[in-house]
Structures are given as C-alpha cells and as structure tokens.
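Lettered A, B, C and D in written order, each chain numbered from 1.
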C-alpha cells in the first residue's frame, strides 16, 4: 500500500473533478497546502467549493484559485485579506458561506467523525442562525450545524512517515487536522518524509488512517504580517 | 480628558485576574497585554496556541508561529499548541475566562456587532462569534463614538449581530459601563469626563 | 468437516486486503491476526492505538500498553496513539475498512446481537455498537449453532440488538454467508459440509 | 495561580459533595486515577454518579467505590470485569446507564467543548436509541446524544508541568482527555511534575487550561490481563 507520490500533480491524479467540495487546511498563509493548491490551479478543474478558514491573499495560496476563477463558492470565517475575493463577492461572481471559525473547524471534525450534526450556541440570534434549527438545552438556545463531508482534503504537515502518520509544527497545525479528517480522500504535503519509527507514536498529531497520499516538497511559507520588537526593548 | 488607546488598554487590563486564560482581539485589545504587569495571565490565540509570547526579535520570525491577527509571535515556556477544533472547543466550552474585543456597536441589552457592514465591508466574523458565545466574561473596548461622532452605544444594534446579550462590560474613551437589567450602568468615568458628557454621547438607556 | 476456530480465523483473514485498517473483536476474531501473512494490515485497538503489535515477551509487559481486550501488547514502527474521542471518531467516521466481530445472533436482514443477555449477562457493548455503525465492512465470525445446538442465524434476533442491518458477511464453522436482499446467500461451504446440512442448521431465509 | 497540591486529599479539598457527577479517565485499569479514587473513597462522599468507561475490578480502581457503596449510578460502556458491580446491579442497588464506548467519549468531549448535543448513528434501532430524538441526515437515521457536563473530572496523566499541561503515555491516554474536558473542575494525578519548558509545546496532549489541580504520586498501575509470547516464538 504505497501512499508516497513523487509530486503534487501525481498525488492529485484521478481525484479532481469539476463541482467538487475541497477542504483545505491552513490559517491565513500559515500551514497552507501551497504545492497542492498550485497543482489544483494547473489542473484547470472548475466550479469548486472550498471549505477553508481563509481564502489566501491576492496571488498566493487559495488566492491563486480565485484569480483563475476556479472557485464557485467559499466556506470561510474570514476573507478580509484578499481584494480579488472581495471584488468577486461584491460583484456577485462568487458565493460565500460565512461560518464562525469554531463552527467551521467543528463541522470539519464532525464530518470526519461520523457526526452529521451538532448544536452550538455560536451564531444563535445572528444571521448565521437564520434558517437553522434551534433547540433549547438547559434553558439556553443552540443552533444545529451540519458536518462537512468533503470529496477531497488538501493539507500541509511538517513531517510524515510513509504510512501517513503526521506531525505538525507550532501554529501551522490549525485547521489541518480537521480538514484532513473530513475528506473522502486526503492528500498531504510535508516538508520531510521520515523513516518509519522516527516519529514517536505518542507525538503523532494525526494518525495515518486519515491520510491517503503524501508528497514531500519545498515550501515558500510566506509570512502575512511580519511583526518584530527591537532588541533594545529587551 | 478622555482616555487614549493605551489608557483604555490599561483600564481593560484591570479586568484580568491572576490565573486567567484570556483571549485578546485585534486593535486596542492587543495592547492590553502590555499592561498585565506581574499578573499570571495566559493568552490564547484562537488559531491554536495557549501561552502567547511577545513579537520575535527581528530576523527570528517563524512562519509557523503566528497569532490570530496573522502577526509573527513567540512562544513561552508554558506554551501549548493544538488544532482549531480543540481551540474552539475550549472557547465554546467556557474554559476561557475573559475575552477583550473591539466593537462597531453595542446595544443596551448586551448585543454586539463587530463583524460586517452590509455592502461595504465583508471580512467575516473569524472567531468572534464563538468567543462571545463561549467565553465567561466579554469585555468590549472601543471608542465611545465613531468617526462621524455618532454614539456606538445604542438602544439596539443596526449592523448584523455577532452575538445577542453577550457583552458584560464596555470600556470606552469616556468610561466604563456594565450591561445590567434595563440598560447600561456607569461604573467609572475617565478623568475629567462628566456623567452628563457620557450620557449625551450615549443612545443606550443608562440606568 | 466443519472449520475449527483457527480455520475460521484463517478464512476470515481472506476478507482483508492490502492497506486496510482493521478492528478485530475479542475471541476468534483476535486469531485472525495470525493469518494475515504478508498483507499490509494495520490493526486498530479502539482504546486508542493504530498499529497493534503482538504480545510482549515475558517480563516486558507495559501496564500503559494494552488492547481493547485489556491484554498487554506491543507497538510497531508505524504505531500511533490517540484518545478515545479520536479513536471512535475514526470508527464512526468510516475510516476503518473492516471489523471482524463475534456474535450471539445474526438475523437475515443483517441485525446483530452480541452485547447482552437480559437478566443473565450484563457486560455492556463496549465499542461494538460504534464499530457496527461506522465501519465499512462488518464480518461476523461465530459458531453456526450455540452450545445447545440451536442456530445463531435467525429470521430475527431475540436478544437486544447491537445494530440493525449492519452485518455484511458471516463466517461460521460451516461456511460463509452474505447478507443480501431477502436473506442470506451461501458463498462457500466448509470442506465436506453440505448445503443441506448448513440449511438445516439455519433458521434465516437462505436465498 | 498555584495548581500543584501536596496529595490527593488536599487536591480534592472543597470539591466533593454527595450526589455529584464525576467523570473519570481510564480504560479498564489502564490510565486510571488511582490516587484520586482512593481519596474519594476516604472522603466518604455518597450517592455519586460516575461517568467512566469501566467500573474497575473488584477491590481496585472504581471497584473500591462500589465496595463502599458510594456510587449510586454508573455511566459506562463495559462493566464485565467486576463481580460486585454485577451483583449490585442485578439486585437493583445500582443504576447503570449503558453508553456505547464512542458515544461516551464523544459525550464527554462535547460537554467540554460547549456542544450540548450531537447526532450519531451508533445505537440507532437498539435499546440505546429508545426515547432519544431521531433525525434523518442524507437518508440515514441518527440519534441525538447529549454532552456530559461533570461537576468534577478525575484524571491520570504521565507528566505535567505546573501550569497543568499534560502528556499521556501510550494507551493510558484513552478516556483521560475527554474526561478532563467535561468537568467544571479537573483534578489530575501524574507520575512526574516537570519544570516549565521541559514539555515540548508541540507534544502536549492536553493544555493546562483544562486542568485546575495537580498532584504527583506513586502509581501501582495494575495489569488486568498479562498476555505474553515466549521468546521461542520469535
């Protein structure tokens, strides 16, 4: 059972089709599947729905798929860093389903965990709750949110072994595990594929059962907002 | 004299008690971290971190280490990382003691609007809806009036809501108000700000 | 000659394909691990482990390393550990390709009973209800009849159910049967077992 | 904010009361909070409801609390290792709410994550589903299960720092993280309290925010079923 593929294009072979739902990991530009996004751009697949917390920035990350107009609909919590996104949305060229950030993460985890629906207080009494079932538990109002079941997950991790066991690094973990869980097929790009046994079984963040294909590659890891302090402050 | 941004942040820091886990929003709330003094406060960054440290020294930025505002930051010796599902699990689950957030509008019943202006500004709520729904104590820090001089403390919000009845306390440049039965209650006035001035710049019922 | 326990396990092992993640129940299903040969099978233990290894050598037992049957085991170079919520997340979420389980009764519509005998045996379902609800392919391995010689393949179960319509294939000492539209279908007979014999020991409709 | 206590009795001081709901970690005898269970026994608190996958064995783990009749009701998935349990149950002296193992784990995680209810296929059409709300998603039937909100969590980890960041070891992790999450107060016993910074922030299984009090102590770690192979088999 070979999970390791030579490159992003090969790893996505046979998995892409128009109108599909893709769940993507990452927060802002941190921990995004750069290489797989590029390969989706090159494939030319169209009318995608993408569940991702953000939509990248102009010209990087998911922003590239917006530039090429391959995305029909985004399911996101925050898209404020992307002028082209805003333009397409306000022009009615792009659908947008806003999800509170925690609801989006939980919907992904739920979909991957066989939970088609759960109740949350988040968004009750707001636009987000409109049209959703309301239920009272212990005197408080909650709305029903549904699990996300994606056709494909594209995810970025730090290290993997060849069975797909994954380790993430610092805040680059973010949406990657829940996004990985909710896809029928999950393709992962990592910075390094290590030997079996090199990852401590207690330190694995996402077991290989969630992972179907793996590539290793160079990552740009662009920083969205460099903020520093001067050494004199110390 | 009304409080400036830093004075508002300093006042907001007084809301924090030893041992609290706290989430700070973008803008003035971020400045609150500068005023916690020697209180044992653990900052949560909702993209998956507890124990947020200061900005890195120049040249030591790590692209894998950012806060919810996408700024490069550092870790501490108490830091832990986790995924977004767990991060919002702890928020929704009431494990965060306090959130200090900015706002566009607050209503006298505690309704909060801070995520969109229809037709004009479409950024999204990010984690704000989860925070106001789940966190024990929600403190809003904002200017009392907008750039046009109109009050941001209303009888009811005009913008799409972030949450209903969620705000506990409001800290503005003019003073501190609590959301109580029947409206807002003045807790404190900024130096040289009169109650009349604050009332005249507030639409919400003051009880 | 009907299959013995080990032959049933060997036959069950044929259900497993390269690359599969598999959960094996207690009893005969546990023996299946002995017959996977060089197929690349990863065993899940629902108490929080993927990549279950064999029993430890004497003196090397680790109290922190047990399987779902509470037996001491070992890890492999592909092993990962996780908590019970994630473990059943992957089970419920359909990530496990096959579960091989024991049973008290199976009905012709795929209903399964394997967790309690009212008033007599109250042990609990453990993870069995989650497994039959979530796993793609559920294979039951059991004796065709109980100790009293009564069939365990029924028109409908008499004991409290573990799941409804969940069984895909049944491997008994007499043969292999699939749950299909309208009843059970004989797929294979154990050596020297006749179809008549199997039919005579089966209450369920055979189509 | 001092979370470290000298011993189990001190760590439970002021937290115990009759009729409370306690969530306990552990699977079988693996990863159970031995020291805290002993302290609950000694406290004499009565009419407890305990959510725990198992009920220990006769004379060890939660079995001790059964022997002293301090437990009114168990919420468990499997209680087959405990003769006194069976006796009390069949005699009508003990209430038992069976939960499928995954449902129990998810109910704990949900309670700790602000989710008062979720839908699962598990148990639909069985005794477990009786009286529970049924909802159809995508043509399939699911039942509503509710989050568990415990008054107190008692949990066993391997290592902690003084801020309560926890690391578990191998399969002793099991129910401990979800049990820890769902308590209003969570008390943890560990084998070793380490210096701050000694735990890699990427390797922490449960962040200290879930943990209110910590003790360090000696653990018996009894093995329920020793199974071995002989060296000749190798």
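Going forward, contacts are C-beta pairs under 8 Å (C-beta built on N, C-alpha and C of every residue); 3 or more make two chains touch, one makes a residue touch a chain.
Molecules present, by chain and UniProt name: A, D = 3-oxoadipate CoA-succinyl transferase, alpha subunit.
Fair warning: this is a prediction, and the values are worked out from it, not measured in the lab.
Of the two chain pairs examined here, A-B and A-C, it is A-B that is joined by more C-beta pairs in contact.
The chain with its C-alpha centre at the largest distance from the centre of chain D is B. Centre-to-centre, using mean CA coordinates, chain B is 54 Å away from chain C.
Spacing of chain C relative to chain D, judged by their CA centroids, is 27 angstrom. For this pair, chain A with chain C, the centres built from the Cα atoms lie 35 Å apart. Counting partner chains per residue, chain B has residues 75, 81-82, 88-89, 91-92, 133-134 touching two or more of them.
Among the residues of chain D, those touching two or more other chains are numbered 106, 109, 113-115, 120-121, 168-170, 201-202. The list of touching chain pairs reads A-B, A-C, A-D, B-D, C-D. Only residues 1, 109, 111-115, 161, 163, 165, 181, 196-197, 201-202, 204, 207-210 of chain A touch chain C when the two sit together in their complex.
Chain A meets chain B in the complex at residues 27-31, 53, 76-81, 86, 89-90, 96, 98, 100-106, 108-109, 120-128, 158, 168-178, 205, 221-231, 234.
Those residues of chain B lying in contact with chain D across their complex are 18-19, 21, 40, 42, 44, 50-51, 75, 77-82, 86, 88-96, 133-134. Taken together, the chain C residues at the contact with chain D in this complex read 45-49, 54-67, 69-73, 75, 81-85, 87-89, 91-92, 119, 122-130, 133-134, 160-165. Put simply, chain D touches chain A in their complex at residues 106, 110, 113-121, 135, 137-138, 140, 142, 146, 167-170, 200-203.
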